[in-house]
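Two complexes come next, and they have one chain in common, chain A, joined by chain B in the first and chain C in the second.
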Partner chain A sequence: MLSNFGISSLLLTLTLSLMIIYYSFLDLRISNQTIRKKIYKLSLFQITLTILSLITLVVAYINSDFSLTNVYENSHTAKPLFYKISGAWGNHEGSLLLWITILVLFSFLFLIYNSNHEKQYRLYTLIFQNFLIVGFLFFLLLTSNPFNSLFPIPTEGLGLNPILQDPALAIHPPLLYVGFVGCSIYFSAAMASLVSGYEGKLFAKSIKTWVRISWCFQTLGIIVGSIWAYYELGWGGFWFWDPVENASLLPWFAISALMHSVIVLEKRDTLYSWVILLCLLTFTLSVMGTFLVRSGILNSVHTFASDPTRGTYILSFLSLMIFSSLIIFYKNYKKNFVQINLQSKEFYILVNNWFMVFFLFTVFIGIIYPIFLDVITQAKISVGPPFYNIIIIPLVVPFLFLMAIGPQSKWIKHRHTNLYKFLLLFLASIVINFLIYFIFGSYSLLSNLIFISSIFLIIHSAIDTYQLVKKKVKFEYPRIISHLGFGLLVFFIGINHHYSIEKDFNLKLGENKKFDKYEIYFETLNMEQHNNYKAIVGSFKLINIKNNSIDFLNPEIRIYSNPETLTYEASIETKLTKDIYLTMSNITRSEYYNIKFQDKPFMIWIWISALIIVLGGSSRILGNKKNEN
Partner chain B sequence: MKINIIRISVFIFLIFFIIIMFVGLTKNNNYNTKNLVGNEISEFQLISLNNNETFFENNDLINSQFTLINFFASWCSPCRLEHKYLIKLKEENKKIKIVGINFKDKKDNALSFLKELGNPYEFIAKDSDGSVSVLFGVYGIPESILINNEQKIIKKFIGPINQSHYKELVQIIN
Partner chain C sequence: MLPKKVKNRILFLALSILITVILVFFILKTLNNNILYFATPTEINLKEDIDIVKKMRIGGMVKKNSLKTNAEKIQFIITDNENEIIVSYSGTVPNLFVEGKGVVAEGKLRDKRFFIADRILAKHDENYMPPELKKTLEDNAK
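Then we have the complex of A and B:
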């Protein structure tokens, strides 16, 4: 029943998309300034049906309706309700349905919220967006239909991967998807702008908010993903330069560049072609990321069940997107001379874009090179953290300095009157850096530079904030907040990286061990029965000899039954100054347990500073709404 | 229309990129090693953990009737478990030689691991970044590959070697 309902609503959505395209083309010929009511109605109908089909799938998950292959493969009656729901998008088919829902949602929102822009431009955006919707609907229906039914109906499902049973992961895909798929709307808008000739400032105004919304969601999605990795994967890290994580960074770099350059286009009416290219690039990279992850061409922790036909479809669609957008771009390309003063805000923003493109390119090579090498020479290599650290970290130093100075410069022509302030802050950062050096211990030259530059950015932003509060210029807050957040992020990652303590040893019940400033006691071991898993819980007492504080830690080994899986749950004691991280793993047929201990300073501040970055971005969106009203 | 070199090269690059991706998709997945049994082992050269001058190559396989290539690391707890079987295998069977590949490990840790549990290996090769192991289709450890002196792969053990694996091994050898 649900299967038929789901499939028919998807087919109807497809028909509606085609109708919207048809009527939009008809409406293009009529030269008035209002889009006909019919298109609005069709769009409303389309979004209703798409959301309905998503709800159908969620209902199937809640009811454990195993007549759907998708539910049978990914769910189980014993799962808690919350994870049944999140299970709906925790797999390839369901997540693709979510992807389509967001495509349609943005198409609808763009149509109703941009009524003050030119009709032709809006209609073309709608047309291009619906081409994308049709493309992805075909993909869903042909290769990965979540509503495929199964007969005879099994009585029990195959279960949801226990690693995916985590609140952070339940919201990670929706956030990331709103971010990635949200880019589609300015992909379509950029194409529409090229075709309809609606360009310059007005174009920038129409996409600005959408860029910021998707940027916020992408950033948030990436943060939540890394929080999940930290708490759930049990390795104590939060970013592994895993190819799939990197694939999510590619569109993020492009969108961050776009978010900055779109301001230049709005204020100075220059860099139009560059902004268009970035719009096209951002969504293309999102789709490429999906291709890399879903086709199984990359091997990583994120690998979904891979199927070459899916890969072939996305790749064909991706090539179609790339070539058609490039051909339209070149056809309508107008050479415009960009005159930018070396000492002006627009120049700083341009430099930001160079950096972003550089980072993007580095990560791109890191992902693509192993694939190329494998195809051409059969050699297998893996590109890991050393590559990214060597290439990206040194570049972060000047980047941070420019991030501090850039926002305060003026449009068109800027004079550096406050060189004195600059030098003073620079000296202050060096002093603070050496204080850290002497209090905590030594580290390399590059780290010194990273610390100096991040401290410089932090102080600079703090002073800027103070001055803005005094002058009561509210408009500037969001940017300063985001830049401050970035400075803090780099600073705390640096501290965390250099002063983490890591110990690996074997203990059995009743034993204790002394190391550094800690003494750890393995006190008890209990067996607990839970709803959908059994747990072996160890109790450890950790004494900090230096300040005589005591912590109790309870790492777990969880045994899930459907499918049978072992997971190691870290016990994490989060404090303002550090996280204590303990995992325990059993050594089969031995009474010893392998204990992994980590003392990670200022861990929580990494999340806080990352959230400050998003806070900046989102306050800009909300602030803008107020300004416009 | 004027010929624009930049545009043409952009298109050429993109076409090349997409072709590579298509080829990558249709390629056999080398990570699947189930079909390896019965095949001849491909050419390899292992570098010793102790120095960079001693090697172990295909030709060295001829010296003994059977060779077991074992992938291990000091951080891997199942490796500790299987270690006693490797020691036993070495002590009780003369027809087999065991070669260890030290997977993503630090040299000092590996040496103290062997000091603690004994060294069953004829030759220990280093593989600090895991790239050598990938050539053998190994990306998780412990794993072992049994090869005869004709360079044929007889059997592959995924996971730690246990009592029944050991019996099976002894049966194959004798």
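Then we have the complex of A and C:
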């Protein structure tokens, strides 16, 4: 029943997309300024049906309707309701349905919210967006239909991978998808702009809010993903430079560059072609990331059961996208002379873009090179984290300085009058840096540079805020909040990275161990029975010899029954100044337990500063809405 | 004599090309220093000269009943059903490190039979197997 309903609403969505394309082309010939009511109606139907099909899938999951292959493979009756719902997008087919829903949603929102822009441009955007929708719908229906039915109907499902049964991971895919798939709308808008000749300031105005929305969601999605990795994967790190994580970073660099350069286009009417290229690049990179992950070329937690036909389809679709967008770009490319003064705001923004492109290029090489080498020479290699650290971290230093100085400059031509202030701030940062060095006592040239530059940005932002409050200029707040957040983020990551204490050892029950300033006692071991798993819980007492504080930690080993899986749950004691992180794992045929202890200073501040960055971005979106009304 | 504007542009262009070339060179050089080659015990056995300085990855199955533990470290044998290597490791083993299952160890070879690992690769889920390992095991099983 649900299967038929789901499939028919998807087929209807497909038909509606084709109708929208057809009627939009018809409407293009009529030279008035209003889009026909019919197109609005079709679009409304389309979004209703898509959401309905998503709801159908969620309902099937809630009811554990195992007549759907997808539900059977990824759900189980004993699973808590919350994870039944999130299980709907915790697999390839369901996530693709979510992907399509977001494509359609953005298509609809763009249509109704941009009514003050030129008709031709809006219609073309709608057409291109619906081409994307049709492409992905075919992909879904041909290779990965979530509504495929199963007969005879099994009584029990296979269950969801336990490490995915987690609140952070339930909201991670929707956030990231709104971020990645949201890019589609300005991909379509960029194509429409090229075709319809609706360019310059007005084009920038029409896309900037969409750019910011998807940027906020992408950033938030990446943060949630890394919080999850921090407490669930049991390594105590939050970024592993894993190829799949990197794949999510590529569109983020592109979109961050775009978010800055679109301001130049809006205010100064230059860099049009560059903005268009970034629009095209962002969504292309999102799809490329999906291709790499879904095809099984990159293997990780994000790889669902891989199937070569899927890879082939996405690869052909991706090539078609790149090819057609480049053709349209070159056919409509108008050479425009870019005159940018070296001392102006637009120049600083351009520099930001160079940095972003450089970071993007580095990470891109890191992902692609092993694949490339495998195809050419069959040699299997992997690129280690040091590669990214060596290349990217030194460049963060000048990047932070420019991030502090840049926004203060004026458009067109700027004179540096307050060199004195910069020097003073620079000295202050150096002094604070040495204070940190005295408190923690460890030294490396690069870490000092990172600290100095991030402190410089933090102080600079604080002073900016003070001056703006005095002048009562509200417009600059979001920028300052985001830049401040970035400064804090780099600063805390630096501290955390350099002053973490990490210790691995094996312990038997009843034993204790002394290391650094800690003494740890392995006190008891208990078995607990839960709804869908058994847990072996260890109790540890940790004594800090220096200040005599005591912490109790309870790491777990969980044994899930469906599917049969073992996971290690870290015990994390979060304080404002540090996280204490303990994982315990058992070793086959031995009384020893493998203990990983970590003392991670200011861990929670990494998340807080990352959230501050998003806060800045989202306050700009909300602020703008108010200004326009 | 070229006009000042043109001269500036040429200078700017030359400078940016130079910087790009330097950066690309730098990236590729760092990349070259940081890639880890993957090998199976058989491949190591066949090699004439082994590199004991450069870090690498080896992969295979954890041999049944080969795991030994004491308070300091873990020792086990990686096998690809033809050849074996003894791996010594001190640190936390990741989720699902079990005898009889696939594993990838990162570290340095001491000789053809002995490997000192500084990382045992995390496996994200029960079905995970590095693609390079999957192929070898499938080939060996034939």
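Operating definition for what follows: the second predicted complex is superposed on the first by the 628 of 629 C-alpha atoms of A that agree within 3 Å, B and C clash if a C-alpha of one lies under 4 Å from a C-alpha of the other, contacts with A are read in each partner's own complex, and residues count from 1 in each chain.
Operating definition for what follows: a contact is a pair of C-beta atoms (placed from the backbone, for glycine too) under 8 Å apart; a residue touches a chain by one contact, two chains touch by 3 or more.
The structure presented is a predicted model; accordingly, all values stated were derived computationally and were not measured.
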Chain A as common anchor, with chain B and chain C clashing or fitting: clash
Partner chain(s) touched by A:466 [first = chain B, second = chain C, both, neither]: neither
A:594 touches, of chain B and chain C: first, second, both or neither? both
Which of chain B and chain C A:326 touches, first, second, both or neither: first
Of chain C and chain B, partner touching more chain A residues: C
Touched partner set for A:312, first chain B, second chain C, both or neither: first
Partner chain in contact with A:390 - chain B first, chain C second, else both or neither: second
Touching partner for A:585 - first (chain B), second (chain C), both, neither: both
Partner chain in contact with A:381 - chain B first, chain C second, else both or neither: both
Touching partner for A:371 - first (chain B), second (chain C), both, neither: first
Intersection of the chain A residues that touch chain B with those that touch chain C: 296-297, 299, 380-382, 384, 504, 585, 587-590, 594
Complex contact set, residues of chain C against chain A: 23, 26-28, 30-31, 33-38, 55, 57, 65, 67, 69-74, 90-99, 122, 124-132
In the complex with chain B, residue positions of chain A that touch it: 291, 295-297, 299, 308, 311-312, 315, 318-319, 322-323, 326, 330, 368, 371-372, 374-376, 380-382, 384, 504, 585-590, 594
For the chain B and chain A complex, residues of the former touching the latter: 7, 10-11, 14, 17-18, 20-27, 29-31, 75, 77-78, 80-81, 129-131, 134-135, 139, 160
Contact set on chain A toward chain C in their complex: 161, 163, 233-235, 240, 296-297, 299-301, 303, 305, 358, 361-362, 365-366, 369-370, 379-384, 386-387, 390-391, 504-507, 563-568, 583, 585, 587-590, 592, 594-596
